[in-house]
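The block underneath contains the structure these notes are about, expressed in structure tokens.
A, B, C and D label the chains in the order they appear, each numbered from 1.
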Amino acid sequence: MPDSIPPSGRRDPGPAGAGTLADPAAPAGVASPPPGGDGARPASRAGRGGWARAAAGLAAAAAVCAVPFYAEAFWLQAGLFAMAAAIGAIGLNLLTGVAGQLSMGHAFFLAVGAYTYVWLAAEPERAAGHTLHGLGWPPPLAAAVAVAAAGIAGGLFSPIAGRLRGASLGIATLALVFLGQHVLFRAEAVTGGVNGRAVPPMEILGLRLADSPEPPVVLGVPFGGLEMLWFPGAALLALAAWFARGVVYGRPGRALTTIRDHEIAAGAMGVPVARYRAGVFVVSSVYAGLAGVLLALVFQRAVPEYFGLALALDYLAMIVIGGLGSVGGAAAGAVFVSLLPQLLTRYGDAIPFVAQPGEEGLSPSEAARVLYGAAFVAVLLYLPRGLRGLLPRCAAPASRARAVRAGDAGDPPR
Amino acid sequence: MSGEVPRLEVRDVTVRFAGVTALDGVGFTVEPGSLHAVIGPNGAGKSTCFNVLSGLCRPASGSVRLGGTELVGLPPHRIAALGVARTFQNIALSPHLTAAGNLMLARHRLTRAGFLACGLRLPSARREERRHAARVREIAEFTGVAAHLATPAGLLPYGVRKRLELARALCLEPAVLLLDEPVAGMNGGERREMARTIQRVRAGLGVSVLLVEHDMDLVARLADEVTVLDFGRRIAGGTPEEIQRHPDVVRAYLGTEAPA
Amino acid sequence: MRTVRIGIAAAVVACLAAGCSGKATGGGGESGGVKTGPGVTKDTITVSALTDLTGPYAALGKGVTQAQKLYFDQLNAAGGVCGRKVELLVRDHGYDVQKAVAAYSEIAPRSAALPQVIGSPITNALRSRLESDKLLTIPQAWAHTLLGSRYIQLTGTTYDIDMVNAVAFLVKEKGLKAGDRIGHIHLEGDYGQSALAGSRFAAEKSGLKLVEQQVKATDADMTAQAAAFRKAGVKAILVSVSPKQAASLAGVTAAMGLKVPFAASNSAFAQQLLATPVAPVLEREYYVMTAATPFSADVPGVKKLAGDYQKAFPGQPLDSSVFSGYTTAAIVGEALKKACAAKDLTREGIVTAHRSAKAFDIGLGGAPQDYSQWTRPASRAGYIVKPDKAALGGTRVHQEPAESDLAKSYNPPAG
Amino acid sequence: MTALAELLVNGLASGAVYALVALGFVIVHRSTEVINFAHPSLLLAGGYLVAVLHDDIGFWPALGAGVAGAAALGALVEFVVLRRLRSGSHGTLSIVTIGVDIVLTVEIARRIGAEVLPLGDPWGDRVVQVGGVTIAQARIAALGVAVAAITVFLLAFKYTSWGVAMRAAAEDRATAALMGVRLGRVSAGAWAVAGALAALAALFLCVFPTPGLDRATSFAALKALPAAVIGGVDSTTGALAGGLLIGVTEALAVGYQDEAALLRGGFADIAPYLLMIVVLLIRPTGLFGTRELARA
């Protein structure tokens, strides 16, 4: 232990100290440092682990790209729903899992994204007795603006998002769902009211990602809307997950984790708590907006009814089941929650406790809700790291529960 | 270095909670580069005093000035940004972050990378992270926690976590360091080591240190000046020797027995 | 970066490898001299129901689905169609549009027709896909805005026609005259809006002043709406809300001493209401406009249906959902038979067969239906029934189906 | 004038019912710092028990069974789920109640199905005329019972040992535990009382002019959540005030919807939430709250 350390400049440590010390990253035996590690994660992954990772990534990418060539429409649609859900869940997990801020209003921001896209991209039309407005923008531009609009909506809520914490914010965001649905049902000229309205398909460089009477045939497989959407969907999910990991492992992630664990300490260490709470709310709203746009595109229809409390609770269930605080967990939870009802419906006749339509007993959708509600509780009780915890330990951010086991010492002084 | 450290002046600070006066016109000055101890029995208002200094608690009246800046009314993060760092009596580390992550957190005010820069892994963010990680490692070595950097803080033993708290406060590159009972709950060996570290911090960095402690031995060994609180009032002040002879202090705090 | 590049390369390789995929490119073909399309194999014809068994319309969904099962069982027992059994595939969407869309994607490729789709938002959401898939679809919804598609068949009267007939009935039988006020409580959304279109037209033609009250699906307490009607001094109230809301309204108006007749859309009454405290009020002055023949009516076909249903599903309520389910299944059954006769069981063939029916009547009472036009309702004449605890199915006929002069002059704007 | 008086009386009556529900949120929050998102399912459970039992055992015994059943269910949830998570943060505990609510609500809603279940109450659709103002007997009963229940609760809170223990726990859990307060019992007790109050509220939410209990009845509990927040989620007085405020606001919004376009089309349903947002912006602790529910 050195006897003294050089006093550092107060503003910047300067280049003098940099690079003189060995990489302080994880000691041997830990494949990859836990989150919020000292940040300087091993830059080079040329070792055996690096190649293994690259190979795994390769295989995964290949598998994902092959899906549209084999899977029927049902599976593609289910997969795309799961992708959209995963994007939304990753965003919610930044807010709830990492920063400890409960949101029951995620559905509202999904709606903002979905409807802004529809309104901007659609041409004015007449449907089901209403005149519907539309600006007819190019779809990619409309999508980008829609995502930004969701972020702005999150920002407008920041006087509350920054001031309330934990479950209190949950109640306040509950209001957003009800207020949002009220507006959606009323703003018929934009939303189509109860019936909702058709979603204009995405068009990238003149290619319409939609079903057409004469679908283009790629390698012998006719490519409809779902097949074409699959690739941008997967790319967006990968991008969303990559971005979120950067946030979690970086400076904002550390600040948010500390706000969750010790709000007072975070402030005393120089973190502007309210600003970060508002900031992560905006980021999570942007994710929700993106999920909303993708969902609308898959759906081909945006209906106000859908963006209700049940959807908001679905998203909470995804992140809880997947594991609070973990990016991969959120994605896993999203796949679980969004696929479960569809699988139970499709294969319900082979599952003993699921009743067939018209019989007494749990219907597939009820069974799905009971199952994931129970999973929700069971995960918090027995599997504190969520589905993530079932995997062999890799660079999974530690969940709250591990700290509980580790016997966290007391609350900060008041 | 000490020339840069501003004087910390506490003047007539009064704090009331629901009818109870926790601090009653307390005032003292921490000279630049000195080690100032605040002592007193349980409930004397020491922690409240710290909470006022770090912006967690707003006094009914009085002022706290750091150099020319009034601290009362500033939010905690602004006070931290002025170079006031603190530790907590009950450890307030984030148990889920690694030790290194906890230390890096204290670099918050010295770094800039936001959501976008980190999410997109911009080169500026990566450079900044590397630079600060190096400095954090220096501080960790200096405080003796370098061996634990990769471990989640919640899994570390108590003594190490106490040192980590100190290291975290140092990572803020503070001008004034507020230590709230840094040796509470430690055994004799750990206490001596912590005392040595505090001395080295002071000598090596030239910061002012304000210390709240029960351990009179430690206070006598380290402090340049001592302020004694009792029932929220300042009852004495001076060098450790003067304090130990002060009749009010002996009565109020030390009881009838003089310290060994 | 390298990982990214490798990933892209891998993707390309995978895509090439996928060339050997056996993903089907759609059905179609011919067997036994009959042209077939999706949903038709050599021994079965699959038709599908998108129903609500767990959502707000679960009661309707259950009755309709069971009645359709009954119909297809009977059809199969009688030898099926074209030597094939007709199989009913049921998917529950719980009135959730997303689930319905997902379920549609699953079942559409293997269905020849959809004898049941519950929910007008769901029908609207699926409309363009139904049209491009050419699937004959019969929604359990009667908003006039659903008219206008060759592939979507509304049965009987639409909500607006019902309300036109209701106003005509009130004028004729309850003595309403020009200058009187008439209330209309309606749900937001298609159902309420469609009914409102009819009541607005009829009120204007009859010189009545319409007092409108819109409610949300989640509203339970109709006190304020009743108070508004009392304040306006309405002489009668048109009801286009859910049965539960209708019960609340009837109870409150009675308690307020507002004694006026009610004329309700067919979706504003359910037999279960007769078990609640408002039953006496309903039995006194509540009239339901419906194209469905009540089970207490003296029609042999309906009597047989009632018996068959109670035998197949003992203890289950007999109400208009059963009638509606059975008749809609029969519409598809008849279309299949005709399509078989024309040796064309493709989807287009089924629709063409269906659209050739100009005076559809299978002996279940009611006015004959014209299915050859899809921009106009299949019929403009409906029953007027009254709730009656003693009657089989909870209602009895108050007036046989008749087309009012007012309804003759009304042309619903197609959606 | 009569119209206004009628609106006010009706608003106060439904407000008193909201207050019963809001009080449930407050009790659980005070004793455990958990926001009980499973409260709607307790309400539904209590109402369901009354609905299925009243035909066989009569209304009053059924009501007793409903209240006891919901109380037992509340205590059971506390015992089976929350106690196992005692060491978890309040945030985690609040989240777990959401999962509990999903499971319970799906199961009870499935049992209710599409039915509207009458609760067999003795008031029926009878009304009372007071100076030209028409009020349903059930409304008067709601007002009376709610006021009585809240009074009894407040007295118990003040004078029984359970109440003292709960207040101590609310002040400072650690100290209370040191002083011999059994936190487990306090929190189970709080859940049971909350369940009982919810069952009572369920009764009055389902009587005239509402035809009966259906699966959407639990939404009323979600309207009482803003009531609790507006009053201050740690204040019993606040729950009462918040409930009444929301009841009256709702009644006025419905009553005057013909006069103002803004109020039309279900504005009353969202009025509680709008009111809550406004209160949170101005006073994050709620009108009567003391504890820092929120921090600036």
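Following the convention adopted for this analysis, a residue touches a chain if its C-beta (ideal position, glycine included) is under 8 Å from a C-beta of that chain, and two chains touch if they have at least 3 such contacts.
Just so we're clear, the structure is a prediction, and the values are computed from it rather than from any experiment.
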| item | value |
| --- | --- |
| Neighbouring chains common to chain B and chain C, by label | A |
| Chain pair with more C-beta contacts, A-C versus A-B | A-B |
| Chain located farthest away, centre of chain D as origin (C-alpha) | B |
| Rounded Å distance between chain B and chain D, as computed from the means of their C-alpha atoms | 46 |
| Rounded Å distance, chain A centre to chain C centre (Cα mean) | 38 |
| Inter-chain centre distance, chain C versus chain D - centres from mean C-alpha coordinates, in Å | 38 |
| Multi-partner residues of chain C (each touching 2 or more other chains) | 54, 62, 188, 216 |
| Junction residues of chain A, two or more chains touched | 185, 260, 273, 363, 366, 400 |
| Residues within chain B bordering two or more other chains | none |
| All touching chain pairs, where touch follows the definition stated at the start | A-B, A-C, A-D, C-D |
| Residues of chain A touching chain D in the complex | 96, 100, 102, 104, 159-160, 163-168, 170-172, 174-175, 178-179, 182, 185-186, 260, 263, 273-274, 309, 313, 316-317, 320, 362-363, 366, 369-370, 372-374, 376-377, 380-381, 400-401, 404 |
| Touching residues (chain side chain D, partner chain C) in the complex | 3, 6-7, 10, 14, 110, 113-116, 118, 124-127, 134, 136, 208-212, 214, 216-217, 219, 251, 254-255, 257-258, 264-266, 268-269 |
| Residues of chain A touching chain C in the complex | 53-54, 57-59, 61-66, 69-74, 77-78, 81, 127-129, 185, 193-196, 198, 211, 213, 218-222, 299-301, 303, 305-306, 310, 341-342, 345-346, 356-358, 363-366 |
| Contacting residues of chain A [partner chain B, same complex] | 1-13, 15, 17-21, 24-27, 30, 33-40, 243-244, 246-247, 249-255, 257-258, 260-262, 264-273, 279-280, 283, 325, 397-400, 402-403, 406-414 |
| Residues on chain B engaged by chain A in the complex (per definition of touch) | 1, 4, 47, 51, 54-56, 75-77, 79-81, 83, 85-86, 88-98, 100-111, 113-115, 117-121, 125, 129-142, 144, 146, 149-150, 152, 154-155, 158, 161, 168, 172-173, 175, 180, 200, 203-206 |
